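Two complexes are shown next, each including subunit A; its partner changes from subunit B in the first to subunit C in the second.
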Partner chain A sequence: MLIAVTSGFVFALVIPLIMGRLKSKSTLWAALLPLSIFVFFLSILPEIQDNGHIRVSYQWVPSIGVNLDFYLDGLSMLFVLLISGIGTLVFIYTSAYLKGHHFLDRFYAYLSMFMASMLGLVLSDNIYTLFIFWELTSISSFFLIGFNNDSEASRKSALTALAITGIGGLFLLAAMVGLGHVTQLNQISAMSSLSEVIQGNNLYGWILLFLFLAAFTKSAQFPFHFWLPGAMKAPTPVSTYLHSATMVKAGIYLLARFTPVLGNHEWWNGPLIIVGAITMVYAAIHALFRLDLKGILAYSTISALGILVFLIGLGSSAALLAAAIFILVHALYKATLFLVTGIIDHETGTRDVSQLRGLNKVMLPVGIAALLAAISNAGIPPSFGFVGKDLIYAATLGMGDLAWPLTILAIITNVALLFAGFLAGIKPFFGKLPERFQNLHLPGPAMYAPPLLLGILCILFGLAPFLLEISLIHPVVAGLTGTDPDFHLQLWHGFNLILLLSVITIGSGTALYFILKPSENLLSKVNAFEGISPESIVRLISRGFAKFSSGWTRFFQNGYLRYYLITILGFISLMLAYRLFTGITLYVDTSTMTTVTFYEAVVLIIMAVAIFFTVFSKSRLVAVASMGVVGYSFCLIFLFYSAPDLAMTQFSIDTLTVILFVLVLYNLPKYLKLSDTRDRIRDGLLSLAFGTLISILTLEVMNETVSKETSQYYAENAYILGKGKNVVNVILVDFRGFDTMVEITVLAIAAIGVFGLLKLHLRSTEKE
Partner chain B sequence: MKTIIFKTASAYLLPLLLLFSVFILLRGHYLPGGGFVGGLMAAIAFVIHSFANGIDKTKNIIKFHPGFLMPVGLLLALTAGSLPLAFGDTFMTGLWMKQSVPVIGSVGTALFFDTGVYLVVIGVTLTIIFTISEGL
Partner chain C sequence: MEILLVIIIGLLYAAGIYMMLRRSLVKLIIGLILLGNGANLLIFLLGKIVKGEPPIIADTEKMLGEIYADPVPQALILTAIVISFGLQAFAIILIKRAYKVVKTDDLDEMNATDEDL
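Coming up: the complex of A and B.
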C-alpha cells in the first residue's frame, strides 16, 4: 500500500526526466500508473467486504508520533477507487487534450503528485500525516490551476485557491492538534470509541470550528466558495479531476471520516445543515445565470458539495447512505460533463452556451456521453442519479419536524441543478448546427472514450445498483454509522411520495429549461450584486492587509542602519531594565576581586582615550583607527586573563575590521556633519544605557553559581576522546564539529552574498 | 601606501606570514591556534600584500579567484566529517592514524576538518575584501 501511495510522488520526480528523452508522440502510457493503482485496490475490495478494513503501518518519525498509518475501510475505498479510476481516464484524456504541449511532462508530474497526495489523504489514519497530505493536495492544486502561468488571471486564481485552502489547512492542523490533545491518540480509527469523552471536553467547540473551517474552505462551502469558479482557469482535465471529482471532495471526506468521532451532537449537525443548505441553494441559483459552460459546472459543483455537507449534517443513517451514493453519482456525471466541456472547448474554441448548438451532427459519441450524464444529473430513471436523488429525499423526509422545509430546499436545489445539467449536457448538442461549426470533426478516441465510459457507468449503476451495493456501499455505510447496514438499493420503489417529489423536480426543471434562456443581459443583472459577494469582501480585506503590511514594513525596514540599531538596542535595553529594576538586587562581591595591576591600568587608560577619540573625532579614519585601538586593548585584557586563543582571534578580526572600514570609507564622500546635536545626545544616551545594562548584567552573571559540569567534561575528555590538548580547538573540530561545519557554511553563504550584491550592482551600472 | 620599504617588506612578509598561519593551523590541536585563526592570518598576509602592490598583483599571485577556496574547504571538512561513516562510526567521529607523522604530529580527521575551516576562512575573507575594494 505504501508503494501505491508513494509511486505517484516518485513518478512525478522521474517523468520530467524521461518524457523529454522518449520522443514518443503518444503519452498514453502515463495512464498505466493510475490504472495499476486502480486495479490493485480493486483486487483488495473483497477483503474490505469481508473484514471491514485493512490497516498497514510504517514508522516515519515515531519519536513525535508521526507515522504512516494507512487505514483502508469502505469510505477510503470509495475515494481511492474514484481517485485512481477517474485519474486513469483523466490521464488518458490529457494525452490527447494537451498533445504536444511544451510542458506536458510537468503537467503529468503535477497530476501524479496530486493523485498521490490525494490517495495519501484518504488512506491516512494518523492525524499528522492527514494534515501533511491535505496540504500537499493544496500545493499540487496550486501548480495545476496556475499551469498556464503566462496568463495573469490564471496565476491570480491559483494564488486565491492556495490562500483559501492553505488557511483551511492551518485550521485543520489546529483541529488535529486539539483532537490529539484531548484523546492522547494519533490514530483516527482509535478515536471513535472516545467520542463521548471528546464531546464532553471544553475544546470540543474549538475542534469543531477549526475542522469545519478546514472542510468548508477545501470543499468550497459558502462563504469560501469563490475560489472554485476562479480555479476553472485551469486546463479542463484539472477541473475534471481536482475540482469536481476528487480534491473538493476532500472536505466532504474529512467530515465523513470524523462523523463517528465528532458527530451526533447538535453542534455538529446544526452548522453543517445550515452552511450546506445555504451553499447548495445559493450556488444552484447562481448556476442558472452563467453563460460559460465551465462556470455553470463550477457553480453546480459547489451546489452538489453543499448537498453533501447538508446530508452529513443531517447525520441519520439514511442521510449518510444518501451522501455515500451521491458522492459517486456526482463524481461520475460531473466528470463526464467536464470532459465533454473540454472537448467542446478544444474543438470549437468557445464555451459560451448561448452560441453552442447542434454539435451532435459532428461529434455524436460526445453528445451521447453528455446526454447520459445530463440524465443522471437530472435524476431521470433509469440512471444512477435517480437512485441518489431518491435517497436524498428519503433522508430529508425522515427528519421529523424539519422534514418539509429541508425537503423543499433540496427540491429547489435539484431543480436548478437539473437545469444546469441540461444546459451543459444537452443544449450544445441539439438544434441546428451553426455555419461556423460545419467543418468540425470528432476528436480521437482518447478524448471521447473517457467521458463515454463514465456516461455509460452513470446509467449502468442505475440499472444494476446491486453491482455496488454489497461490495462498496455496505462497507462505507457500516464505517460511517458503526452499525450493520440493512438497506437495499434499488431503482424502483413503487408509487410513493418520493416518486412524486422526483416527478415534480424533473417536471419543473425541464420547464425551467425551456423558459429561462441564459443571456448576457441576465448575467449582467446578477453581476450587479458582486459588490456584496463574499469574494469582493475578501478581496477588500486582502487589499487592506497588503496596505497595512507595506506601511508596517516601511516603518520598520526603513533602510537606515542607525534606526535598526536604535530599535534593537532600545528594545533590549527596555526589557533588561524592566527585569533588572523589578526583580534583581545588585550586589558586587568586592572581596574576591584581585587588585588592579599596572598593566591593566595602562590598558584601561588607553581604552578610555581611544573611546574619547572615537566619539569626538572629526575624521572618519581617526574614529575607525581608535575603534581598532579599543579592540586591541581588549585582546590585551584577554591575554592577561589567560585566553590566548580568544586574544589571537580577536586580534586578527580587529585588524580585518579596520581594513574593511578603511576600504569602505576611502570611497565615501568627505566627513559631513550629518547628525545634529540632538541626534548625538540621543545616540549617546542610548549607548550609555545599553553599556550600563550590559555591565550590570555581567556583574550579575559573576554572582550566579555556574554549573561547571560541561566545561569540566570537555577539559577532562579533550585528550582522551579528542586527542588534543587545546580544549578550545578540540571543542571546535571534534565535540561540536557539526556546529563548526554549519558555521563555515554560513560564512561561505555570507561571502557569496557580499560578492553577489556588489558585483551584480557593478554589472548593471556597467550596462548603462 | 605604496612606499618602497613597505613594498619590499611585503614581498618577504607574504611567505613568512603564510608559513606562520600554517604553523598556527597545525599546532592548533595542542596549543593555542587552529583553522579559524590560521585562516584569518593567511588572509591578512594577502591583504598586506595587496596594500603594498595593488590588488591585481595579489590576484596574479593567487592565480585563481579566492572564492573557489570556499567550496574546496567545505568539501574537505565534509569529507573529513563523513569519512568515519565508511568505517561504521557515526558522523564526525575522530579517526586517528596509529603512528604520528614527523613534524606535524599525529594526524587525524580533525586535522583535515580544521584545514577545511582554514580554507573556507581564507576564501570568505579574501572574497569579501577583494569585492569591496574593487566594487566601491
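Coming up: the complex of A and C.
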C-alpha cells in the first residue's frame, strides 16, 4: 500500500526527466500507473468485503506519533477506486487533449503528484499524515489550476484556490490537534470508540468548527464556494479530475470519515444540514443562468457537493447510504460531462451553450456519452442516478417533522441540476448543426473512449446495482454507521411516494429545459448581484487586509531611529511601571549604606550640572567638554570607592574620547534646531520616566543579597593560582584571559575600521 | 551615598535617552556615551560599594582580607569601558566620513541608501 501511495510521487519526480528523452509521440503509457493502482486495489476488494478493513503501519517520526498508518475500509476503498479509476481515464484523455503540449511532462508530474496525495489522504489513519496529504492536494492543485501560467486569470484563480483551501488546511490542523489532545490518540480508526468522551469535552465545539471550516473550504461550500468556478480556468482534464470527481470530495470524505467519531450530535447535524442546503439550492439556481459549459458544470458540482454535505448532516443510515451512492453517481456522470465539454471545447473552440447545436452529426460517440450522463444526472430510469435520487428522497422523507421542508429543498435542487445536466449533455448535440461546425470531425478514441466508458457505467450500475451492493457499498455503509447494513439496492421499488417525487422532478425539470433559454441578457441580470456575493466580500477583505498591513508596517517600520527607540522604551517603561507599582513595595535599607562626605557631595553636584550642560548646551564644544567632566567625575567616584584600576582606565579613555571628538568637530556642522518644542517635551517626559524607573529598579535590586561566591574564589586564589596581587588585573589577564584576548581583537578591528575610514577616498561621491 | 548615586544613574539614563532621541548624529553618540556611563555605575553599585578597600592583596598576605571591594564588577566595567571606547571611536570617525559624503548629520535625511537623497 505504501508503494501504491509513494509511486505517484516518485513518478512525478521521474517523469519530467524521462518524457523528454523518449521522443515517443504517444504518452498513453503514463496511464499505466493509475491503472495498475486501480487493479491492485480492485484485487484486494474481496478482502475488505470479508474483514471490513486492512491496516498497515510504517514508522515515520515515532517520537511525536507521526506514522504512516494506512487504513483501508469501505469508505477509503470507494474513494481509492474513484481516484485511480477516473485517474486512469484522465491520464488517457490527457494524452490526446494536450498532445504535443510543451509542458506535457510537467502536467503529468503534477497530475500524478496530485493522485498520490489524494490516495494518501483517503488512506491515512494518522491525524498528522492526514493533514500533510490534505495540504499536498491543495498544493498540487494549485499547480494544476495555474497550469496555463501565461494567463493572468489562470494564475489568479490558482492563487484564490490555494488561499481558500490553504486556510482550510490550517483549520484542519487545528481540528486534528484538538482531537489528538482530547483523545490522546493519533489514529482516527481508534477514536470512534471514544465518541462520547469527545462529545462531552469542552473542545468539542471548537473541533467541529475547525473541521467544518476545513471541509467547507475544500468542498466549496457556501460561502467558500467561489474558488471552484474560478478553478475552471484549468485544462479540462484537471477540472474533471480535481473539481468534480476527487479533490472537492476530500471535504466530503473528511466529514464522512469523522461521522462515526464526531457525528450524531445536534452540533454536528445542524450546521451541516443548513450549510449543505444553502449551498445546494444557491448553486443550483446559479447554474441555471450560466452560458459557459464549464460554468454550468462548476455550479452544478457545487450544488451536488451541497447535497452530499446535507445528506451527511441528516446522519440517518438512509441518508449515509444515499451519500455513499451519490458520491459514486455524481463522480461518474460529472466526470463524463466534463470530459465531453473538454472535447467540445477542443474541437469547436467555444464553450458557449447558446451557440452549440447539432454536434451529434459530427461526433456521435461523444453525444451518446453525454446523453447517458445527462440521463443519469437527471435521475431518469434505468440509470444509476435514478437509484441515487430515490435514496435521497427516501432519506429526506425519513426525517420526521422536517421531512417535507427538506424534501422540497431537495426537489428544487434536483430540478435545477437536471436542467443543468440537459444543458450540458443534450443541448449541444441536438438540433441543426451550424455551418461553421460542418467541417468538424470526431477526435481520436483516446478522447472519446473515457467519457463513453463512464457514460455506459452510469447506466450499467443502474440496471445492475447488485454489482456494487455487496462488494463496495456494504462495507462503506457499515463503516459509516457502525452497524451491519440492512438494505437492498434496486432500480424498481414499485409505485410509491418516492416514485411520484421522481416523476415530478423529471417532469418539471424537462419543462424548465424547454421554457428557460440561457442568454447573455439573463446572465447579466444575475451578475448584477455579484457585488454582494461572498467572492466580492472576500476580495474586499483581502484588499483591506493588504492595505492595513502595509499601513501597519509603515507605522512601525518607519525608518526613523527615534520612533523605534520611543516604541521600545515606551513599551519597556509601561511594563516596568506596571510591575513596580503593582507587585513591589518600595523599601530602602539606609542602615547598611555608606555616609556621604562633603567632597563626595561636591563631585556629585558637579556631575549633575555637567550632565545638564551636556544635554542642553547649544554649543557642541561645551557639550563635549561637559561630557568630559562627567567622565572625570566618574574617575573620582571610582577612586573613592576602592576601584583604582577603573579610575585609571576611565581617565585615559575619557581623555581620548574628548580629544577625538574635538578633532572631528571641526569638520561637522553646527547644531541645528531640528525638533520643535512638542517633540522635546515628549522625549523629555519619556526619558525622565525611564530614568526614574531605572532608579527605582536599582533601589529594589540593592535590597537583594549578592552572592559573593565568585568574588570569594577570585579573592582567595588570585595570588595562589595567578601569582598577582591586584585581583582585578588577575581576573582580566589570567582567569578570564581568553575573553580579554577577544576584547583586544575587537578593539583591533575597530582600529582597522577607523584607519580605513580615515584613509578611504570615495571616488565618485567625494570628487563632486 | 547610595541613594545619591541612584539618582545620578537615573539622570544619566534620562539624559542618554533624551540625547539619543534627537535627530543629530553627534547627539546620538553623546547619548550613547552617557547611557554607557549610567550602566557602568549601575553595575558598580550593585556589587556593594566599599570605601578604601581596593581588591589588592597586601604585600605580606596571600589573599584578600575580610572586607574588600568586589573585584568582579570592576573587571566587568573595565572591559565595558574599553569596548565602548572602541565603539565611540569608530562611530565618531564614521560620522565624520558620513558628513563629508552626504553633507548632513540629520538622521532623518540619512534613511535611504541611494545616493540621490
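Rule of thumb we're sticking to: the second predicted complex is superposed on the first by the 554 of 768 C-alpha atoms of A that agree within 3 Å, B and C clash if a C-alpha of one lies under 4 Å from a C-alpha of the other, contacts with A are read in each partner's own complex, and residues count from 1 in each chain.
Here is the rule we go by: contacts are C-beta pairs under 8 Å (C-beta built on N, C-alpha and C of every residue); 3 or more make two chains touch, one makes a residue touch a chain.
Worth saying up front: this structure is predicted, and the values here are computed from it rather than measured.
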| item | value |
| --- | --- |
| Touched partner set for A:726, first subunit B, second subunit C, both or neither | both |
| Touched partner set for A:745, first subunit B, second subunit C, both or neither | first |
| Touching partner for A:102 - first (subunit B), second (subunit C), both, neither | neither |
| Touching partner for A:655 - first (subunit B), second (subunit C), both, neither | first |
| Which superposed partner A:624 touches (first subunit B, second subunit C, both, neither) | second |
| Partner contacting more residues of subunit A (subunit B vs subunit C) | C |
| Which superposed partner A:759 touches (first subunit B, second subunit C, both, neither) | first |
| Touched partner set for A:645, first subunit B, second subunit C, both or neither | both |
| Touching partner for A:441 - first (subunit B), second (subunit C), both, neither | neither |
| Touching partner for A:734 - first (subunit B), second (subunit C), both, neither | first |
| Doubly contacted subunit A residues - partners subunit C and subunit B | 644-645, 649, 653, 656, 660, 664, 667, 725-726, 728, 732, 740, 747, 750-751, 754, 758, 762 |
| Touching residues on subunit A, where the partner in the complex is subunit B | 644-645, 648-649, 652-653, 655-656, 659-660, 663-664, 666-667, 721-726, 728-730, 732-734, 737-738, 740-741, 744-745, 747-748, 750-752, 754-755, 758-759, 761-762 |
| Complex interface listing, subunit B residues touching subunit A | 24, 28-37, 40-41, 43-44, 47, 67, 70-71, 73-74, 77-78, 81, 91-92, 94, 96, 106, 108, 110, 113-114, 116-117, 120-121, 123-125, 127-129, 131-136 |
| Partner subunit A, residues of subunit C touching it in the complex | 1-24, 26-28, 30, 33-34, 37-38, 40-42, 44-59, 61-64, 68-72, 74-75, 77-79, 81-83, 85-90, 92-97, 99-101, 104-108, 111, 115 |
| Touching residues (chain side subunit A, partner subunit C) in the complex | 559-562, 565-566, 569, 588, 590, 593-596, 600-601, 604, 607-608, 611, 614-615, 620, 623-624, 627, 630-631, 634, 637-638, 640-646, 649-650, 653, 656-657, 660-661, 664-665, 667-669, 671-672, 674-675, 683-684, 686-688, 690-692, 694-695, 698-699, 701-702, 706, 708, 710-711, 714-720, 725-728, 731-732, 736, 739-740, 743, 746-747, 750-751, 753-754, 757-758, 760, 762, 765-766 |
